[in-house]
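Each chain gets a letter, A, B, C, D, E and F, in the order it is written, and its residues are counted from 1.
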Amino acid sequence: MYLVTAIIKPHRLEDVTESLKDLGVSGITVSEVQGFGRQRGHTEVYRGSEYRVDFLPKVMLQVACDDTAADKIADTIVPAARTGKIGDGKVWIQELARIVRVRTGETGADAL
Amino acid sequence: MYLVTAIIKPHRLEDVTESLKDLGVSGITVSEVQGFGRQRGHTEVYRGSEYRVDFLPKVMLQVACDDTAADKIADTIVPAARTGKIGDGKVWIQELARIVRVRTGETGADAL
Amino acid sequence: MYLVTAIIKPHRLEDVTESLKDLGVSGITVSEVQGFGRQRGHTEVYRGSEYRVDFLPKVMLQVACDDTAADKIADTIVPAARTGKIGDGKVWIQELARIVRVRTGETGADAL
Amino acid sequence: VGVVMLGMWAIAWYFTTRAGAAMLGQQTPAVKADDVVNPLNTAWVLVAAFLVFFMQAGFMMLEAGFARTREISNIMLECIADTCLCGLLFWAFGFAFMFGSGNGWIGHQYFFLNNAPATYGSTGVAFLAFFLFQFAFADTCSTITSGAMVGRTAFGGDLLYSLGVSGLIYPIVGHWIWGPDGWLATQSTPFRDFAGSTVVHTVGGILALAGAIALGPRLGRRFKRDGGGMPPGHDMILASLGGVILWFGWYGFNPGSTLSAMDFAGIGRVATNTTLAACAGGLAAMFFVYPRSHKWDTGISINGFLAGLVAITCPCYWVSPFGSICIGALAGVIMVLAVDFVEWLRVDDPIGAVAVHGACGIFGTISLGLFATGQFGVPGPTGADNSSPVTGLFYGGGAHQLGIQVVGSAVVTITVLVLGLALMYAVKAAGVLRVSEDIEVAGIDIHEHGAPAYHPEYAYMGYSAIPSGKPAGTVSLPAGAASPVGVGE
Amino acid sequence: VGVVMLGMWAIAWYFTTRAGAAMLGQQTPAVKADDVVNPLNTAWVLVAAFLVFFMQAGFMMLEAGFARTREISNIMLECIADTCLCGLLFWAFGFAFMFGSGNGWIGHQYFFLNNAPATYGSTGVAFLAFFLFQFAFADTCSTITSGAMVGRTAFGGDLLYSLGVSGLIYPIVGHWIWGPDGWLATQSTPFRDFAGSTVVHTVGGILALAGAIALGPRLGRRFKRDGGGMPPGHDMILASLGGVILWFGWYGFNPGSTLSAMDFAGIGRVATNTTLAACAGGLAAMFFVYPRSHKWDTGISINGFLAGLVAITCPCYWVSPFGSICIGALAGVIMVLAVDFVEWLRVDDPIGAVAVHGACGIFGTISLGLFATGQFGVPGPTGADNSSPVTGLFYGGGAHQLGIQVVGSAVVTITVLVLGLALMYAVKAAGVLRVSEDIEVAGIDIHEHGAPAYHPEYAYMGYSAIPSGKPAGTVSLPAGAASPVGVGE
Amino acid sequence: VGVVMLGMWAIAWYFTTRAGAAMLGQQTPAVKADDVVNPLNTAWVLVAAFLVFFMQAGFMMLEAGFARTREISNIMLECIADTCLCGLLFWAFGFAFMFGSGNGWIGHQYFFLNNAPATYGSTGVAFLAFFLFQFAFADTCSTITSGAMVGRTAFGGDLLYSLGVSGLIYPIVGHWIWGPDGWLATQSTPFRDFAGSTVVHTVGGILALAGAIALGPRLGRRFKRDGGGMPPGHDMILASLGGVILWFGWYGFNPGSTLSAMDFAGIGRVATNTTLAACAGGLAAMFFVYPRSHKWDTGISINGFLAGLVAITCPCYWVSPFGSICIGALAGVIMVLAVDFVEWLRVDDPIGAVAVHGACGIFGTISLGLFATGQFGVPGPTGADNSSPVTGLFYGGGAHQLGIQVVGSAVVTITVLVLGLALMYAVKAAGVLRVSEDIEVAGIDIHEHGAPAYHPEYAYMGYSAIPSGKPAGTVSLPAGAASPVGVGE
C-alpha cells in the first residue's frame, strides 16, 4: 500500500479531484497548508508600511492506494495541478505498512 | 518506529483520545482536514440557491510509537472512532526511520 | 529520498525556517496542528466557569530532502526549535518512494 | 370717558399677553407653544423607539458571540423572524390586549389598530409612534426568551412558541402593569415599573427559563456539578459589540419611557441613572468573579453591565444617581450568583438570559421599594408631576411601595413561569420544540438553515500568526528570554 | 381725551410688539413658538441624517457578509471612498444639480453651496442640515450601485464610475422628482416618491444592474442554468448585522423625509408603516423559499425585509399599516422572483442589489398608486397639509396616481439603465473597470489593497470545536444514540 | 368719543378673533414657548450623548480590527471597564473638577453631583443630561489613551492609570478650557475648542504616547528603521465597522456641543462641516499613501477620515464647508506623516492613536486660528450669539486667535505629556504596567482574561474556499487563461 501526498495550488484542487475521481480514486483527504519554496513569498501592505509574507497558501492532498495505483495517481495529479508557473508544488509517495477502514475493520486493498 | 495516522469524524475525537490515553499513549498530534470518499458530500443552500459540498470535515490524528505499539494503537482507534455509518474514515501505519524529542534530543523510543 | 516532519511550538517557526534556509533547504510545507503530550493542556475560564483544554497549538513542518540531507535537517531543526521547556515537540523522518515536481515533472533530487 | 379709558387699558393689557404677541408679525400661520409639545414628545418617543429596535442587533451579536459556531445562523434568523412575527402580531392584537382598555386583566381595543385616535391616551404622543415604541419593547421580550434556548430549538418550534410569547403572554401580563386599567397599575399604591424590569425583562427571563427547562441541555453539555461547564462562546468581539449596542439601545428603553421630552429633568435623570447602574454592574461582576479564577472575565463583565441595566430599568425615574450605583452593583453580584444557581439546576442557558433578565429584573423591580427618593412622581406631556412622589424604605417611605413591588413581581414571576412551562411543553408535545440528536451533532445551522454561518476562504487569508507569533528574539531580547512557558503553547 | 387716547394707543402699540411681550414676566429673551419650529424640524432632520449615514455601516457589513473572503477589504474601502467622494461631489455640484432651481431637467443653484439661504426652500430646515440629509441619501445610492459589482471591479474604475453616479446621474434624475422645479414633480398629478423608492433605490439598483452587465460575472461563477449557483457568503453574522443596521437606518430614511417633526402624526405613521412592511417582507420571503429547499434561509430573509423596506419607502406617508403589510409581503416575493430572473440572465449580483433595490424600488413606486388611502396630503413645516390627499386605485382614487407612478418609474428606469450602461461601458473602454483574471485568482484584496482582510493568528485561538463537538456520549446518551448521520460529518 | 370708542371696539373685536381663539380652548395647561426651549435643547444634548457613548463600540471594533488575535479580548474588557470606571469617577469628582466652579486651574463644586441645580450654568440643559454628555466625552478620552497601549498592558495597570486619566488629568486640564472659570477660557481672546480637538483628542493622544513610551513596543515588534513594520491588524472588517461607527458617533460629538438645538443654523453647519472634513481626510490619506506602495490602503483611509474628524472637532462651529474640506485634507496628510514619525521614534502604537488623535488634535486646534470665517460667535440656549465672532488669519482676523490657539495647544500638549509620563512611569514603577514576556508569547487574552477571544468550531464551518477558489476553467475560460500568477498563490 502506498500514500500519495501532493502539495498544490489551492485553485487547482477542483481539477485535481475531478481527474482523480475519473481515475476511480475512492477517497481523498485534503488539508490547508502553507508553503515556502522557490516561489518566494510576496510583500503585503498594511497602514502604509510593508511586511513580507514568506508562506503562501497551498493545499495538501493525501491519497492512500494499493501498490499498483500509486504511480498512476501521481501521474494524474501532476498534469492536473500544473499551471507551469513556479510554485506548482510537489507530489511524493510513501509506503504504508497497513491500512484499516474504521467502519468495517477491513484492511489492505479492501479498506480503500 | 511507526507512525499511526487516523482520519476520523470530528465528534469521535474525544472518545478516541480518551482510549489512547488509557492505552498509555504519551502524545498525539491532531489536525483539521477535509475528506472526500464513499460518503458523498451534501447540498447546502444559500439565498435560495443550492450548491454541492464535496468535502466533509474530518480530524486527522498522528501518533508516533515504537514497533510493538503500532498495531495496538490502530486496534484501539478503530472501535473508538467507529459509528458504523459510512464516512468513519481510515487508519494507516507508516514506518519511521528516526524520531527525536526536540527538548532533549533523545531519539528512538526514548523520544516518545 | 526522505521526508522530515517536525512538530514545534508556533513561535519557534521563524527561527527554524531561518536556520533551514541557511542550510540551503529549498522548500518547506507548514501546517497548523494541535498537540497533546507530556505537556498537559491548561484550564481556560469563560463567564465564571472553567474548562480544560487538552490540545495546544503547534506547527508541523514537512521537508522533503535527499538521503544525505535528512539527518542534517533534523539536527538543524532540533536546536532551533528548542526552548528547553516541556512541549517542544518531535522530529521524525520517513522514507519517500518517489517525489515529483509538479511544474516540471522532474523526479528525485531534481524535484527538490 | 374714564370707563372708556379703563376699557381701553383692559384691551391694551389684554393684547400684551402672549396671545396678542403671538399673532403679530408672523408670516407662517402662527404656532402656539402647545402645538409644539406633541411633536417634541413624539419625536423623542420615536428616536427612543429606533434605539430600542436597534437592541435587536445587540441581542443578535451578544447571543452569537456567546454561542458556538454551529448554532449562530440559527440565532440570526430566529431574531429576525421573531421581530417580523412580533410586528404583525402586535399590530393584529398584541397591542390591543396590552394597551387597549378592557378590564384589569386584558384589553380589547385597537385590534388591527382600528379606531386609533390621533394620540395615545393622555400622552400627546402620536398613536403610531407610541405603537412603534411598544412594538420594540415586545420584540425585546421575545428575543430574550430565545436567548436561553439557543442551539437546540427547532426553527418551527421557535415560530410556534413566539406566537404565544409575543401574541399572548407578554401583552396580557403587560396589560396588568402598563394597560390603562391593568389591575396592578390601579392598586391604591400602584405597582410601578418605569421601563419594564418586570414587564419586559422578568417576563422574558422567566420564559427563557421555562424554555430551557422544557428543552433540556444541548447535547454534550455537562454542568459544573458533573465536572463540566458552559462551552466557551465562539467570539468575544461579537459578544462585546452586542453588549455595547444593548447599552446604547437602553438609552431609548429608559429615557424614552417618560414618553415626554418636556419632562427634561426626568429624561436627564433617567439617562444618567441608567448609565451609572450599568457602570456599577460591570465593575461589580468583574471584581466579584476575579477571586475565583484570578482572571479578568470579559464575558461576565458584559453580563454584569447588562445586569445593572436590567435592574435600573424599573426604578430609573425615581432613584438618585447614588441609588442607581447601589442598585447596579448589587445587580452585578446577583447576576453572578444566579448564573451559579442556574448551572446548579442543570439548566443550559447559553447566554445567561435567566440570570441577567430574570433574576435582575426581579431585583430591579423590588429595588424601587428600597431606593425611591420620594422626590419624583410621574412624567407628563408638559412636564413632571411630582405631586404624589414615590418613596422607598431607605428614604423613609415605609414598606408600602416595597410591598406592592414584591407582590407584583412575585405574581408576575409565578404566572409567567406557569404559562411559560405550559406553552413550551405544549410545543414540545407537538414534537417540534427540539431538533434531533443527529441534527445537533451535524450542527443546527446546516440542518435547519442549509448552511453554516461561516464560509471562510482560507486560501485568501493572511497567516500573520506565524511570523508575528515569534518574540523579538535576537533583535531586542536576550536569547534565553525568548522562551515562553505555560498556557499559550 | 384725544391726547390720552393717543398715549394709550402708543402704549397699546408698544406692548403688542415683541419687546413688550418680552419684558412681561420672562427672564430670558422671550421666545415665540414659531422660533421653536425650525429648530425642532432641523434637529429632527439631522437625527434622521445621522441614521441614514449609519446605513453605510449596514451596507458594508451586509455586502461583506454576502461576499467571499478574498474581496471584502475591497468592499470596505469602496464604501468608505465612495462616501468621501460623494460628500465632496455633492458639496461641489451634486446638490446644485439636484436641489438648486433651474429647469425641469437640472438645477444650477448653490454650486459649492454658494449663496445658500438660512433654511432650504419653505422647509424651515437649516440649509446645511438639509444638505447633510440629502448627502446621506446620495451616498446610499452610490453604495447600492457598488453592491452588484463586488469582487471584480478595479478600485480605480470604482472611483471613476462613482464620479458619474454621485456627481451626475443621481442628482440629475433626482432633480426631476425632488428638485424645486423637476418635471416629474410638477405634473398636474405629480409623480410622488416620498423617501426615494425611485430616486434612491430604483436608480441605485438599475445602475447596479448596468455595472454587473458591463463587468460580467466573477471568475468561476457559474449560474443556475449552468448547474452552478451563487457562491456562499463568507459570514452570515456580518450579513445579519448589516441588515439590521440598515433597518435601523431606515428610520432616518423614511420618517426623516417629512423634513418636519411638527407633522407628528406623519412621522409616527411613516415609522410604523416602514416597520410593518419590513416585517411582512422578511416573513414573506422566508416562507416563499421554504418549499424549495425545506430550509429556513437566513440570507433570503434578510433580503426579504430589506425588500419590504425598499418598497415602502415611496408610499410610506400615504398608506395605512394594513397597506404597508400588503406592500411589504408582495415585495418579499417579488424580490425572490427577481433574484431568479437576474440569475437566469446570467448576471452576477453578489448581494442581490438589483432584486432588492431595483425590482422592489419599482414595485414600491407603483404600489403608491394602488394603496394610497386618500387621507394624507403633504407634510409641512408646521404640520401636515391634507387639503389635497393622495388616493390610490384600491381606495377609489382611480388610476390617475397609478398612471403617473408607472410612467415616472418607467421613464427613470429606462433612462438610468441607458445612462448606466453608457457610463459603465465607457469606464470599461478606458480599461479600468475590471481587474485581470490573475488578480481575481490571487484575490482582489491582496492585489488592489495590498493585504487580505483577515490575518488570524491561529496559534492564539481556542479550539473549542473539538471538545464540544462531541455528543454527551456515556453521560447522557445511550451509546448507540451518539452516532450522527448525514450532513454534518 | 363714541366714534372713537366704536373704532376701538372694532379693533378690539378684530384682535379678539384669531388671537382670542388662539388663547382660548386649550385643554392642557397652556405652555409658554420658553418652556419648550430647555426640553428641546436637553433632548438634543441627550441624543448627542447617546451617540458619543456609542463611539465606544467604534473604538472597540477599530482597535480589535487593528490588533492581533491574541490581544483583543483584552481590548474589549479594557474599553468596557474603563467606561464603567470613568462613569463612577466622573460622578464622584471628575465632573466636579472639570465643570464645577473653583479657580482657573480646577473646579470644586458638585462632588458626587451634590447640590446640582436643575440645569447646568446658563445652558438651560438639564444638569444630568449635561453630565451624561460630558461623561461620554471623558470616556472617549480614556479609551483613546488605551489605544496605543494595546497588547502588552497588564489589566491591573490599565485600571490604575485609568484612574489617573479619567479622574485627574482629563478633568483638570479640561477645566482650563471648558470649566466655568478655566484660565484658558477666560483669556481676553479666549482659547477656543468647540468640541474637544484639544480637550479630548490631544489629551487622549498625548497620554497614549506617554503610555506607549513607558511600555515599550510589543514583543517581536520591529520598526521600519529596523526592517520591520506594524504587524497587520487581524480583521479589516471590524476596523472598518469601528471607523464608521466612530464617524456616526461624531455626529453627537460635534453638533451636540452647541448644547442647543435652538441654534439650528449652528447644528446644521457643524454637522456638515464635520462630514466634509471626514470626507476630505479619508481621500487625502488614501491618495497620499498610494504612490508609496501603489495599493489602495484600507487601514490608512480609515485613519484618514478619523484624522479629518479629529481636526474639525475644534473649529467645526466657526469655519465654512470649504474651510472644513481644507482642514480635513490637511489632517489626512498630517496623520500619515505623524504615523511615520511615531514609527521612526520606535514607539509602538498599534492603532495609530498618537497620529490620529494627538497630531490631528493639535492641528485642528490651531486650524481654527487660520480658517475661522468671522461670521460666527457662540451658540446659546435660544440661538446663536454672533455679536463677537471668531476670525482667523485667512479671513483677515489677524493672529490673535491663532496665537492663543497655538499657546493653548502647546501648553496642554506639554503639560499632558509630562503628567502622562509621570503617571505611566509611576504605574510602571509599581510593576503592574506591563505583562511579562511569557504572557505576551502565550497571548495576553489567555493569561489576563482566561481564554482567547475566538473559539471557532472548524468542524462546523463551510469550506467554500476550495471549490470557489477555482477559476471558471473549461466553462468560461480558455484553458490556458486559468493559470494565475503572482501574489495570491
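By our rule, a residue touches a chain if its C-beta (ideal position, glycine included) is under 8 Å from a C-beta of that chain, and two chains touch if they have at least 3 such contacts.
These numbers were taken from a predicted model, which means no experiment stands behind them.
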Topological distance between chain A and chain D, in contact steps: 1
Recurring contact interface, reference A-D, options B-F, A-F or B-E [over half identical by residue number]: B-F
Centre-of-Cα separation between chain F and chain D, whole angstrom: 28
Whole-Å gap separating chain C and chain E, where each centre is the average of the chain's CA atoms: 52
Residues of chain A engaged with two or more neighbouring chains: 10-11, 30-32, 34, 42, 44-46, 50-51, 54-55, 57, 59, 83-85, 87, 94-95
Chain D: positions in contact with at least two other chains: 1, 8, 11, 15, 17-18, 20, 22, 30, 32-33, 36, 40, 43, 47, 68-70, 231-234, 293, 295, 297, 441, 443, 446, 449-452, 454-471, 473, 482, 484-489
Pairwise touch network: line, ring, star, complete, or other: complete
Chain F residues within the chain C interface of the complex: 441, 446, 449-452
Chain C residues within the chain D interface of the complex: 9-15, 30, 32, 39, 42, 44-51, 56-57, 59, 83-85, 87
Chain C contact footprint on chain B (complex, rising order): 1, 3, 17, 26-32, 64, 94-103, 105, 111
Residues of chain B that touch chain A when the two form their complex: 2, 6-8, 31-38, 54-55, 58, 60, 70-71, 74, 77-78, 81-95
Contact set on chain E toward chain B in their complex: 66, 224, 228-233, 289, 292-293, 295, 297, 299-300, 303, 336, 339-340, 343, 352, 465-467, 469-471, 473, 482-487, 489
